Structures are given as structure tokens and as C-alpha cells.
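Listed below are the structures to be examined.
Both complexes below contain subunit A, partnered by subunit B and then by subunit C.
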Partner chain A sequence: MRKQRQFALGILVVIFSVSLMARVFAPAPYARQFRQSPNAPPSRQFLLGTDELGRDRLSRILVGSQVSLLLAPAAALLSTLLAALVGGVAGTLGGWWERLAMGAADLFLSLPWLFLLLTVRAMLPLNVSPLLSVVITFALLGSLGWAAAARVVCAGARGLRTSDFILQARACGCRSLRLLTKHVLPSLKPALYAQFWISIPVFILAEANLGVLGLGVAEPLPSWGNLLRELENYRSLLADPWLLAPLVLMVLVVSCFQIIIPLEDFPS
Partner chain B sequence: MMRRCFQLFLMVCLFLPNLPAQRGGELRFCLRAEPKTFNPVIVTDEPSEIIRYLTGGVLLRVNRQTQQVEPELAVSWKILQQGRKINFKLREGLSFSDGTPFSAEDVAYTIRTLMDPALHSPTADSFRSSAGPVKTTVSGTYRVAITFPAPVAGLERLFDQVAILSSRSPRREMAVLGPFFTAEYKPGAYVLLKRNAYYWKRDENGESLPYLDSIRLEIQQNREIEFLRLERGQIHLIDRLDPEFFDRLAAESPSSVHDAGPSLNSEQMWFNQVPTSPIPAYKKVWFESRNFRRAISESIHREDICRVVYHQHASPAVGPVSPANRFWFNAALKPHPFDPRGALRRLEEEGFRLQGGVLRDRGGHPVEFSLITNSGNKPRELMAAMIQQDLGQLGIRLNVVTLDFSSLIERISQTFDYEACLLGLVNVDLDPNSQMNVWLSSASNHQWNPNQKSPATNWEAEMDRLMRAQASVIDAGKRKAYFDQVQQIVWEEAPFIYLVNTNSLSAASPSLRNVSPIVMLPQTSWNAERLCFASQTARSQP
Partner chain C sequence: MWIQRIARNLLVILITVLLGGLLGATLVRVAPGFGVDEQLLDARLSQDSIQALQHSRDAERNILLFYARYLAGVFHGNLGVSHTLGRPVAQLLAERLPVTFYSVSIGLLGGWLLGLALALPAAMYRFKAYDLSSTLLSGLFLCLPSAVLGIVFLFVGGPAPLAIALVVFPKVFRYARNLLLQTYGLPHVVTAQAKGLSGARVLLWHVLPPAAPQILALAGVSLSMAFGAAIPIEVIYSSPGIGQLAWLAALGRDLPLLVNLTVLVTVLTLMANTASDLANAACTSQPQ
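Right, the complex of A and B next:
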């Protein structure tokens, strides 16, 4: 199991490294349209062929990976921090605090995410650069995706509330804030790690869903989301299997993330 | 497996072309939405319009193929008093689908119902050239005259949309004079039309029409499912096929696809020129500049859009009228050329300068604006990306924003919080009167600056004058001369930057005979009364 994790970690490191240096490895500018060669098959010039507008697919995958792999962990970190804060406070204090926080979490869980994202996206200013639009998209995902993790953290904190070491700390006059930061959250670290790792592929997929609807990252910047839109035409997949490249990469990355999470970190 | 079945089915069908046509069978195709009404006088949506076309009997019909007016329930007509009055002599011995006889009283009843102000019929609005009552005079069982308060331009063509109702039938609007009648409606599932046994038309051999027993209109919004159902032989027709689906089907069965050439529809972009819109003043100055708009138009490579986005199933657009509209199209005009150098010259005339790859205006502002379009429309998203690259060559930064349709409509019609928009225009009517709500400066669809109290520019004032002039004369030649000038002004001023006219693409099962798709709606079912199946396949219909 350890070897598998190391292998998965190795793959992730390679993919992350390559994507960080995407502009070095990319054979052509990701936005350049070779209009004489739309939907071209792989060739010496275009190793993974071109998309509908004649843009080099390999270059777009490299840059798209950079976008998705940098911003999805950032969104996951944001949502995990929010979950730790809300869930930790609720679980530690209990009573009305817990009811209020869990009510808010329930409300967030019951919201139709897609419509909410559509509405928020529609309210954003129009003249934003593609890079800013992708940052906004992931920030939205991160700030809306804390609720499920907060319930897990809250349950963990609630379980700790009556544990001996917490009671002892209380008996020694430890205040709630110190109790939360010094005793409760460190004890919940495995659960928080697990939530963080689980959130990364979730956000990658959420952005992909928005991308498939045409509401993700703005043109011409690629992301895994808008690259996956090529798969809408499922019939051409058999004839043009290279269209699957972004999907294969995404499945590989998501699988690696799942493998590297230690099983003992999952809350029972 | 399914693909093989379909190919086998197509092969069988290909070997049947010389077999005789057979009466009977059920034609199936999809409506893309639920019909809003079955009452022919208040039709506003496309599904209802298709049902009205297939079921309604009209006095005069615009032949969808020749685009000429032809007699239907009226054997002859005469326009009098310079377009204020029209006399009809009706066909004798006809009956509605429930057996009640047809007479001039039915025409009078239909016109009274149609013009009832309480009904708010959009069809009636076309006849309302002036305030005042519309009088109908019945001068015999088969003679009727209709008098309007003022001349109505293109009067006879308007009767194409007036399905005659029965004044005596207890079924009212469900009693029809068209080839089919509505037999069953299951909301969300289908509308079943059955053959009207009393239909009056006969073919060249004296056989009664229609050939088909029934038409099942299945309600299906998903284009992919509609396409799959055609491949499986579960439906027989698809109108307005996407270029991608068209090419896919053409590769499998070339005989089942039809490209009827440029349609009446266009794709265009425009700049927001609403004076009260919440956009910076310096950008308003750009958008109000004719040279700026023309420069943008001339820097867009329309041929590339046609080739890359529409796979050659589109052509560069000239203006508001497609070449498919044979009479009204101004053939003297050509699409704006792709000329980036000329575009830069125009921009320099307006004080713009290209500095370090960035175009700046007189005040030093970099030229950057956003272009909104509706999400999920792949051709428009691709077009926007191509325009983005084309404008990038001039140092213009274009931000493409895709919005859900309701947010987009809110921005372009209520808040006016946008800079440029890319959308399409679906034309269903050939006559320029149907475009009054676009070209009059006071109109709500005068999209770049709607609902003006008085024309903001001289050229808009001139367009108002010309549009009103063409609507007030009866002579078709004079009307055409006026409307040609409107098209010329639109071409010169470019308030709308017309990009492409999409082709009219359709698909029909090879088992179907007499298929002759056209550019107007309904593309493939316009001659439904003459459609029929080859003998073997007709028997196999479920």
C-alpha cells in the first residue's frame, strides 16, 4: 500500500511539475487558432491533434492542467478552513451554536448549487480577464463547498467534547478558543486532511461540470472543464480516441489523490 | 449494434426508391417545445405555428417553395381602394373536418374573432394599419369583402396566417379546413394529428390528399435524443439540424440529409448604444462611432466562421435580409470585406492608435470590451472565440462572457448593463413589415438603443421614415425601393454587425417520399399533404 501511495504521489508530482512549466513544454500558444487545421488528428506538428478552432490540444491540456491543478487545491483549502472553523466552533461549543451552524450547513447543502453558481456568475462584472474569471470560479466553489465537511468536523468535535483530555483541559480553566485551537482541531487533523484531499477532485469535477455548461473558465483560457466539452460528441470518441486525453489525465489525477490519502485518515 | 441496424435500415431504404408510394402510415417528428395553444388566432410560438400550418385552412397561402401567394380556400381575390379592401371569391362545396359546410359566414366569423381587441391576437396586429374597425361584408354564400380603416401593405400575404374557423361547428377551433385535424394531445408526450377526410385537395391523378393517415408530433427538447431517434427510425424528420449532426448523418447516409442553402436566419453582434447604460462614457463614444463599428465588422473573418464553425453550411451575411428572401433582399449589397488594414485605417481616422500591440483611443484608454452570448450555444461560443482572435490582431482585447439566457435577456432589455452582444435572429416572415419592431427607433427590439422617444441619429430618423413609407404604400416595387434603402443604411452604419446566414439543414428518412425541404418554416413538413412512405415501409409503420 505504501508503494502504491508513493507511486501515486510520484505521478502527481510529475503532472504538477509539468503543468507548472506548461508554457515551457507547450508546443504552441494555447490560444492560437490554426484555422486551416480544425479538428486535426495527431501529427508531428500537433501531437494530440487540434480542437474545433484549430488550437493545439496538447498545449491546451498542459495549460488547462496548470489552471485546474493550482486552483482546485486552493479552493479545497478554502473550503476545509471554513469547515474547520464552522464545524469546530459548533462541535466544541455545542448547544445553540451547534444548532445554528448545522442549520446553516443544512441550508447550504440543500441549496441548488448549480443555480446558485449560475446566479452568482451572472451578477459578476463582465469585463474581467479570463484568469480572474477562473480565480472567481474556484473561489466561489471553495466558499460554497464547506457545508458537508463542516458536518464531519462538527461530529468529530462533538465526540471529543466529553473526552477525558478535553474535560481535563476545561477543568484547568482552558478557554473555548484555546480549547478549539490547541486541543480539538489538532485532534481532528486527520479528518481535515481527508476532507482536503477529497475536496480537490470534487472541485476539479465541479469546475468541469460548469465548463461543460459553458459557464466555467472564460475563453480562451483552457481548463479541464472546458477541455472536457469536446467529449459531448461521444460518437467521435471511437474514431478520435485522442479526444479522451484530458479525461484520462483527470481520472489519473483524481485516482492518485484517492490513493495517497491514508486510509487511517478517513473518519470512521 | 444500433448503428449497424440503422445502416441496414438505410441500405434497405436506398434500394426502394422506385417502389410506388403508398397511402397511409404515420409520420413522426419532434416539436422542440410544448404548443402553447391550439387556437389558431392566438398563436405566438413555433410549435403552435407548425400545428396551425398542418391543420388550418387559409384563404391564401404563401407557397413556401416559390414564396408566391397562391389561392387556397379562395379561388380568386382582388385588392381595392389602394389596399384598404379585399374581395374574396371562395371555393364551393367544402366542409370542415367535422362535416359542417364552409361558407363566407365562416370567413366573417374568423375575421371578427381575430380582430376582437380583447383577444390580443398577434396575427391581428399585422392587419392593424390604423385605428378603427375592420368591416366584413358577406355578399353571397361564397363571396366576402373585408374593409380596413387604412391601406395595409402586403395585405394578401397576411392571410397566410389566418386559419378559417367554423361559425357553426360545436367544436369551434378544433374543426379545421387543413389536411389534418388535432385528434389527441398528451401534454409532455405528443400531439396526434389525423387525416381530415373532408380535405378538398387532390393530387394530379385525382387521388384525395393527404396520403398519410396521421402525424405524431412528439415533444422533445433534447436535440441529441431527437437525432438518435431519427437514426433508430423512430422519427422521420428533423428540421434545423446542427451542422455537426448534419455532417455525421451525411457520412452515414448522404440521401437522408438536405442542405437547402441560406436560411432566413442570421447571427449578428451589436454594441450597446443606450445613453443611460452603466458603461464608461469613453466606451459609449467608441460604440456610437460608425467607423469603430465598421472597423470591428471588417476585422472579422466571416469566411473562416462559415468554414470552421458551420463546416461550410453558412455564408457571410450581408444585412438584415438573407438572400433566401428572394424578393426583399438587396442584391446590390455585399458582405463587409475582411480587411484588417482598412479597419485600422478607419480606427486611426477616429483617433485610435496602435501602441505596443495595444489599441488605444484618443484619451489613452486601451480598447477592451466584453461580448456576451448565451451559454450552451456551441456555434456562438466558437464564433465569439474566433472574433476574439480576429480583434486581437488589431490590439483589441475582447472578453467573452457566456451567460444563461434569462440573465442575458435581462441585461440586453432591462438593465442594459452590457457592452456588446452576440445573438441570432430567427426570421419567420418574408415581409419587411414584420421587422418594424426592429428598425423603428421607438421599437423595443431596436436592440442597440431601444424605445427612443425621438431618433438619436439622423440615419435612424431616415430609417424610421423609410420603414413607415414602405408600410404605407401598396405597390410592391415602391416598397422594395424603400426597404432597399433601409438595408443600405444598415450596411453603412452597422448598428448590427451581421456575421453569417446559417443554412437550412434538415434530415428525412429515406423511406419518405416527396421530401423537398425549403428555407422557411416548417422546412420539411411544408408539403405534409403530399408526403408519403414507400409501400413496404408504410406497412411497417407502428
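Right, the complex of A and C next:
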């Protein structure tokens, strides 16, 4: 299993590195339209063909991977920080704070994730610039995905509340903020790391769903979500199997995350 | 004790639903561009008509007022009118709920049957090749966004409920497989096997009873998964259910429809969670 994890991690490192340098590897700018060759099949000039607007598909996949692979971890970081803040404060202070915070987490968890995401995304302007749409999409993912992680962090902080070193720190006059930042959260680092890793593939898939529904990253900026919209022309899938390229890449990345994260930790 | 428990759960549902609805209304109200109607840009409208249009949305500008009026309407069976579709929300929900209920129920049933059917042999016989292939299969489906599963299923001519089943099945399989493997490792199960009890007897008498409460806990959560999957799948299939309605409401920023859908889905999910909690409590209170 250890070898498999190392192998999966290696694949992820390669894909992340290539996507970081997407603009170097991309044969053409992602938005450039070769009007004389729309829907072109793979050729020497266009290795994965072009889309219906004549844009080089390989360049769009490379830049789309950069967008999805940089921003999904950013969203995961945001949600983990929110979970650490809400769960940590609730677990450390206890009492009404804990009931209030966990009540809010329950409220978030009782709403189906995609329903909530769709509703909140619709509240924000739909016709925004591509860059702003990226920020909105991933900020939403990060700010709505904290609830489950907050419960885990709260349970951990609650367990620490009566531990000897926390009692000693309290007896020495340590304030709640210091207690949280210097003693409780550092002790919960493993749980926070696990939540961070678990969130990344979840956010990649959520962005893909939003993108296919037309509520994700705005054109012409590519992301895995809006690249998958090409699959809606499913009748041409057999004739043009290269349309599946972004899906294959996404499945590869998410499955590598599954292999790295132990099965029992993967969200059920 | 049971009545107290049920009453407490109902109270929690009521408070959560009220807060969920208020949260939905607040989000809609504070959203940029709220209250702007493209009809106001129509040059043919007179000043009076424009003012009448502007006043028609005055009641929605104050969140609490909007929400109080909405709740008062709900008690009289009036859920408001959809701005985008121009029809009473209650009528839309009555038309579309059965479609979603059908696809979600069949999807849940199929997902659970498939998940358990694959998990049981994996835990009972522990064949490496079978375990690996079933884990890989579930892993593949876990990596696919539900929208893509919907597209693939439409491509091969499969029905929408089956696509929902394939979203639910990998999660059920993984959870059930891990749980059953743990349960099969418990000392009393090992002893029962060592005494020569048949596989079916070990499963029915010694494995399923301790595992049932945790499996039931997933049953409540799986409804939420199925509803979440129903949105993209109904959109892809153009199936007239509440998933597609939510998408249309989101694109049209339709306030009454969105608040009602938020409340409705919250009620359904909470009821499922409460039912699985009560079933769980009933299981754990039984003497083993």
C-alpha cells in the first residue's frame, strides 16, 4: 500500500507541476480562436484537436488543470481554517458557544450540499468576469464546506479541554485565545491535515458539477468543470474520443487522492 | 421516553427549518442585483407602470417582513408565485415532487442493493481479487461527478434513477465494506466461525445486529446524497423534477421558489435523519 501511495503521490506531483507551468507548455493561448479549424481532430498543430470555437483543446486542458488544481486546495485551505476557527472555539469554550456553533454546523449539514451550493451561487451575479467567477466559485466551496470538518475539530478540542496540559495552562492564567492558538489547534494538526486532504477531491468534483450546470468558472477561462460541458455532445463521443481527455485527467487526479487518503478517511 | 424523543426531534426539525428558510431568504435578499427587473428597462412602459412594478417587490426588500409574510402564507397553503415561471410555487412542487421522489427512491434502492451486494462478499469471503476489483469499481464511480455520470448514462440509454443509484452505490459500498470487515474481526464473530456456524447464520445473527445501527445512520445521509445527485442528473435528462426546478430557479434567481425548495429539501433530509436516528436508537436499545 505504501508503494501505491508513493506512486499516486508521484503522479499528482507531475500533474501539479505541469499544470503550474501550463502557460509554458500550452501550444497556444487558451482563448485564441483558430476560426479556420473549428472542431478539428487531433493533428500535429492541435494535439487534442480544437473545440467548436476553434480553440486548442490541449492548451485549454492545461490551463483548466491549473485553475482547478490551484484553487481546489485554496478552497480546502479556507474551509479547514474556518473549521479550525469554529470547531476550535466551540470545543475550547464549550457550553453555549459549543451548542451554537454545532447547531450552525447541523444546519449546514442538513441541507444537501449541491442544493446549498447552487442556491448560494445563484445569489451572486451570474455574468461576472472569468477571474471573478473563479474566485466566487472556489470561495463559495471553501466557505460552505466547513461544517463536517468543524464537528471533527470540535470533538477533538472537547477531548482536550479536560486534559492535564490544558488544565495546567488554564491554572497558569492562559487566556482562551492563547489556549486555542498555542495549545489546542497545534494538538489537532493531524485532524486538520486530514480534513484538508479530504476536501480537495470533494471540491474538484463539486466544481465539475457546477461547471457542467453552467454555474462555475465563466468562459473563456477554462476549468475542468466547464471543459466537461463538451461531453454534452455525447453523440459525437465515439467519433471524437479525445473529448474525454479532461474527464480522464480529472478521474486520474481524484483517484490518486483516494489512494493517498486512507480508505476509511475518505468521505462516505 | 419515545414520545419525548420524537417531540425533541420534531422541535429540532422545526427550528432548523425556520432558520434554514430565513438563511435562504437572507442570502437572496443581500445578493447583488436583487429586485432589479429587466421589465423596468422596457421603454414602452409608462412611469406609473414602472412604479407599480417597483412597488410589487417592496414587500421582499425587508427580509424579516418577507419571511413573516411567507410563513403566514404557508399556514394558508400559499407558497407564493415563481417569478421566472409565472406559476404558483405549490402547483410547481405538486407537479414535480412525484418525479423526483420516484427517481430518488429507485436510485436509493438500487444504490443500496448494489452497494450491499458488493460489500457482503468482500467482507465474508475476503478474496483479494474480488476485493480489489470491487474497490476499484466503486473508486471509479466515486471519482466521477454526478453530472458526468448523468451524461454517460444518457449516452448509453440508461434511465435517470439508475444514474442516481450509481452515485449512491460507491459510498454505501465503501462504508458497508469497512464496517462489515471490522465486525467480522470482532471476537464473538471469530468464535462463532471457529465453532463451525454457517456463513448465513454468522451474518444474520452475529454480524448484522451490531453493524445495523451504523448502517442505518448512513441511510439518512444517503437521501441527502441522492437529492444532491438529482439536480445535475435531472438537468441532463431534462427530467421535470425538483432538481431541475432548483437549477431553473438558480439561473433565474427566483426568490420564492428558492426559499421554498430550501425549506422543502431541509424538511425531507431532516425527517430522513430523524427516522434513521430513531431506528438506530431502537436497534441499540434491543438486548444483543
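Criterion: the second predicted complex is superposed on the first by the 224 of 268 C-alpha atoms of A that agree within 3 Å, B and C clash if a C-alpha of one lies under 4 Å from a C-alpha of the other, contacts with A are read in each partner's own complex, and residues count from 1 in each chain.
Quick note on the criterion: a contact is a pair of C-beta atoms (placed from the backbone, for glycine too) under 8 Å apart; a residue touches a chain by one contact, two chains touch by 3 or more.
The shown structure was predicted, so the numbers you read here are calculated from the model rather than taken from an experiment.
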Requested in this report: Could you look at A:S255 and tell me whether it touches subunit B, subunit C, both or neither (first, second, both, neither)?
Outcome: second
Query raised in the report: Of the partners subunit B and subunit C, which touch A:Q33 in the superposed model: first, second, both, neither?
Result: first
Query raised in the report: Is A:I11 in contact with subunit B, with subunit C, with both, or with neither (first, second, both, neither)?
Result: neither
Requested in this report: Please indicate which partner A:A218 is in contact with in the superposed arrangement: first for subunit B, second for subunit C, both, or neither.
Outcome: first
Report task. Based on the superposed arrangement, let me know which partner A:L111 touches: subunit B (first), subunit C (second), both, or neither? Result -> second
Query raised in the report: Does the superposition put A:N209 against subunit B (first), subunit C (second), both, or neither?
Result: second
Query raised in the report: In the superposed arrangement, does A:L47 touch subunit B (first), subunit C (second), both or neither?
Result: neither
Report task. Specify the partner with more touching residues on subunit A, choosing between subunit B and subunit C. Result -> C
Requested in this report: Would you check which partner chain A:A169 touches, where first means subunit B only, second means subunit C only, and both and neither mean what they say?
Outcome: neither
Query raised in the report: Can you list the residues of subunit A that meet both subunit B and subunit C?
Result: 118-119, 121-122, 126, 213-215, 235
Report task. Give every residue of subunit A touching subunit B within the complex, in rising order. Result -> 31-33, 35, 38, 52-54, 118-119, 121-122, 126-130, 213-215, 218-220, 233, 235
Query raised in the report: Considering the complex alone, what residue numbers of subunit B touch subunit A?
Result: 244, 248, 301, 304, 307-309, 368-370, 372, 375-378, 381-382, 384-386, 388-389, 399-404, 407, 417-419
Report task. Going by the contact rule at the top, pick out the subunit A residues touching subunit C in the complex. Result -> 106-107, 110-115, 118-126, 201, 205, 208-209, 212-215, 228, 231-232, 234-235, 237, 247, 250-251, 254-255, 258, 263-264, 266-268
Report summary line: Contacts from subunit C onto subunit A in the complex sit at residues 16, 19-20, 23-24, 27-28, 30-33, 135, 139-140, 142-148, 151-152, 154-155, 171, 174-175, 178, 218, 221, 224-225, 227-229, 231-232, 235-236, 246-247, 249-251, 253, 258, 261-262, 265-266, 269-270, 273
